[in-house]
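Read from first to last, the chains carry the letters A, B and C; within each, the first residue is number 1.
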């Protein structure tokens, strides 16, 4: 692997991604061959906000590789978050353990952590920014359920404006050939322009559709997400529209026989319980693929023999990131690092927010 | 084992129960023979209410079998309980792990969980309803300390009306031969009629006695439990009566030399600290037997080769259970399943509460 | 080892301490030789107050020895602390596990716990009283970084009055030859007389210095600790003095080239972040030594073949300890045990507080 840390799924080349997907498959087929693959290794799960399922998936993955796990699951229980900088915590934990999975409510935290950790860091979610192991879960599921990652018509339904898992899945699937995205949402919650740019620049196409029922017959894959009540333009809008984006048995009548329904979970009511018994529902088995995906990722990262110590990084600009949810807002010692994108625009290397100079 | 899950100790036949008791003994005698018996297996401890000792007992049991453990210990720390149904949580965790121990404040939760779990489920306490591994602990202790489960005079002292461990122990010991129960309580806190029915229908007898001191000389076993202050008929009653059900050194003067004193723990003040030094006090070693009991149970359940996937269950009646603490009150999607008991009475298959049609 | 439990580092003879330091080194050099040294053994980490780093250090130590860990990290999540005596909890956990590390806000708790535990007990911090594994960490660090524990000039900076790690380090280093302590503090926060007595009675000398800058050129080791704002005599005093005890790059200009900077962590602002990049900063690697120190301690304690059961201890005096933070204040059943120190003075054997008869 080129990159020591996985902050964004884009840290993996298409080739590396394919290797990990294949390894996940291989582990799923022959788990006992991997039961001691990480024996003696320790994973730290540093969860600065609770996310029980993600944490259980990481823990199970490490345990099924024969490794062990330490960590914390809640800042309230943890003295770590009190009066100690992220830098100090990560430096210490990176000295204790072999690999770190970090989740934090602020954007850019995993990137910041990776700058101080001798152990490889996996981003287990940094606010609304990135959650690469969810996308890895999604593509491992698609590869297993469809046999390939090319040539699919993939419906994405729900809040496509704010959904980080949706954006990440589109970016990743755009690297493969000939996929078509069907974007199912309200106009207010459509995918942002930069995601459309990604699709336009790729081998893939997309179309926008205002309702689930309209999209259904053409889909090979349906990726459901939730629209939060407060995301609708108004309460009247919500009452009028809410059913349009709920998957139920009736809407499934016009679906293909080999449709695969995915969901990042937890679901609330955007998929009715009766759909669970439909054999096209894959959102529960998807979590099992997620476990294999994380096993493959951890094993690959621990197999990386590059032991170069973390180099000190220096300010690139004397500018503050303008994103109030960026980790640089609370961790003041972090170097101010930006990427220039023409004119007077900078992109923060932590949270990827755009800041005007 | 006939039953895949252990919701009630009655899920085990007398023969299966005896096998597990013997296995617990065997593990106790030769622990190193079992140190890798569950290697590579994962136990999930899903504790929707804190019960540190029960959780530590399950964890230790699994670790001493060479397995490992994931889980949570408190709904407040856990995102699982927020906005996610029990069904979804259990389905996901059942996909990650090999066996689940669940504790929940609502009655019938373990039964509900077992309906959605491919992994075997152990009830680690569902509200005031059942706690089968405590009873298993009790009978393993009795078998070890007395050499048999027949022909004993067993005193049960405290709140016999509400104490689920007392009811369960009486039911289980009634399957063995020639036991005599001495029920030591206030009239208001006597055992319910259906428990008396169980004893009457069995090979066993019982008598009711109003004070510990009166019962003491006849007992082979004394099973102490606590009476909560608010359970007494009045504050005056409490002040007058409280000492009557407290075990102290003085009351032990008339006890048999080989009496065995048990308590499910934690104790508050119903056994004075000085009794701890009496060699008839077995309530601490009882927790060690509990660890071996859970090891035997887990090993037996994981050895079950029946891998039939969980079948969908349908409503038997169109009726709501009337018990406000039943899991069906909060998890609305659960099928309404009842057992008919003559006339117009239904018994809820989750919480065993009686509901009039 | 003479002592079964480690409540105070003084429970180890100088010889035993040296053996553990050497073992820590040996484990650091050849970790794989020790990867299964405690296989099948279970450590309980009973943390009645959160201390995530100390707990992670203990857990990692046990896992890297091939053992496993159970425990709790917060009284709020734990039913153990509710309505159950320390005695009962320890007796039960001592029956489940092979070794216990306990942390508690009240002084003397580890001593009290050791009286009821068949498993060896390690004090992981009892209020402001003792924290022996921190001192063990410090001396393992010094031994590794300096090659010996003799003949050093050791600066100790910060709150020397209240800092338990400072007192313990002075006591331990006073057992070695020819060390010189440079005590850097305000007059109000100077080391207490009894610590001066320890140095005076030893082979070591000390001097008191009012500022870091003055002490710097003579130091081989600088042990930094924090002065809490509220410890200063007044707010004006704080504003005037605070910079005097902060280590920054400038103050390091006059330091020796082979100075070693230690800190028990977490640091707040008493060492500026820029110092982290100075190669004399050893406070992060110190935590790694701490892990090896705990591995050596755990392995040594588990190797102790003395299985004498815990003997009952009786009151030595009919007196209450006068320390309001002593564990005997809340756990009333604890025997009242004191050491007489001439005249009418008693020293509590739990918290070491002096009480007048």
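In this section, a contact is a pair of C-beta atoms (placed from the backbone, for glycine too) under 8 Å apart; a residue touches a chain by one contact, two chains touch by 3 or more.
As the structure is a computational prediction, the values presented were derived from the model and not from experiment.
K.L.:
Same or different for chain A and chain B, when you check if over half of the residue numbers at their contact belong to both copies?
P.N.:
different
K.L.:
On Cα atoms, by how many degrees is chain B rotated relative to chain C, nearest 5?
P.N.:
120
K.L.:
Per the centroid of Cα atoms for each chain, what is the distance between chain A and chain B, given in Å?
P.N.:
Taking the mean C-alpha position of each chain, the two centres sit 42 Å apart.
K.L.:
Indicate the residues of chain A shared as contacts by at least two other chains.
P.N.:
Residue numbers touching two or more other chains: 68, 77.
K.L.:
Of all residues in chain A, which touch chain C in the complex?
P.N.:
Within the complex, chain A contacts chain C at residues 40, 42, 44, 68, 70-72, 77-80, 83-85, 87-89, 91-93, 95-97, 312, 333.
K.L.:
Going by the contact rule at the top, pick out the chain B residues touching chain C in the complex.
P.N.:
32, 35, 50-53, 56-57, 59-60, 63-64, 68, 73-74, 76-77, 265-268, 273, 276-277, 284-285, 287-288, 291
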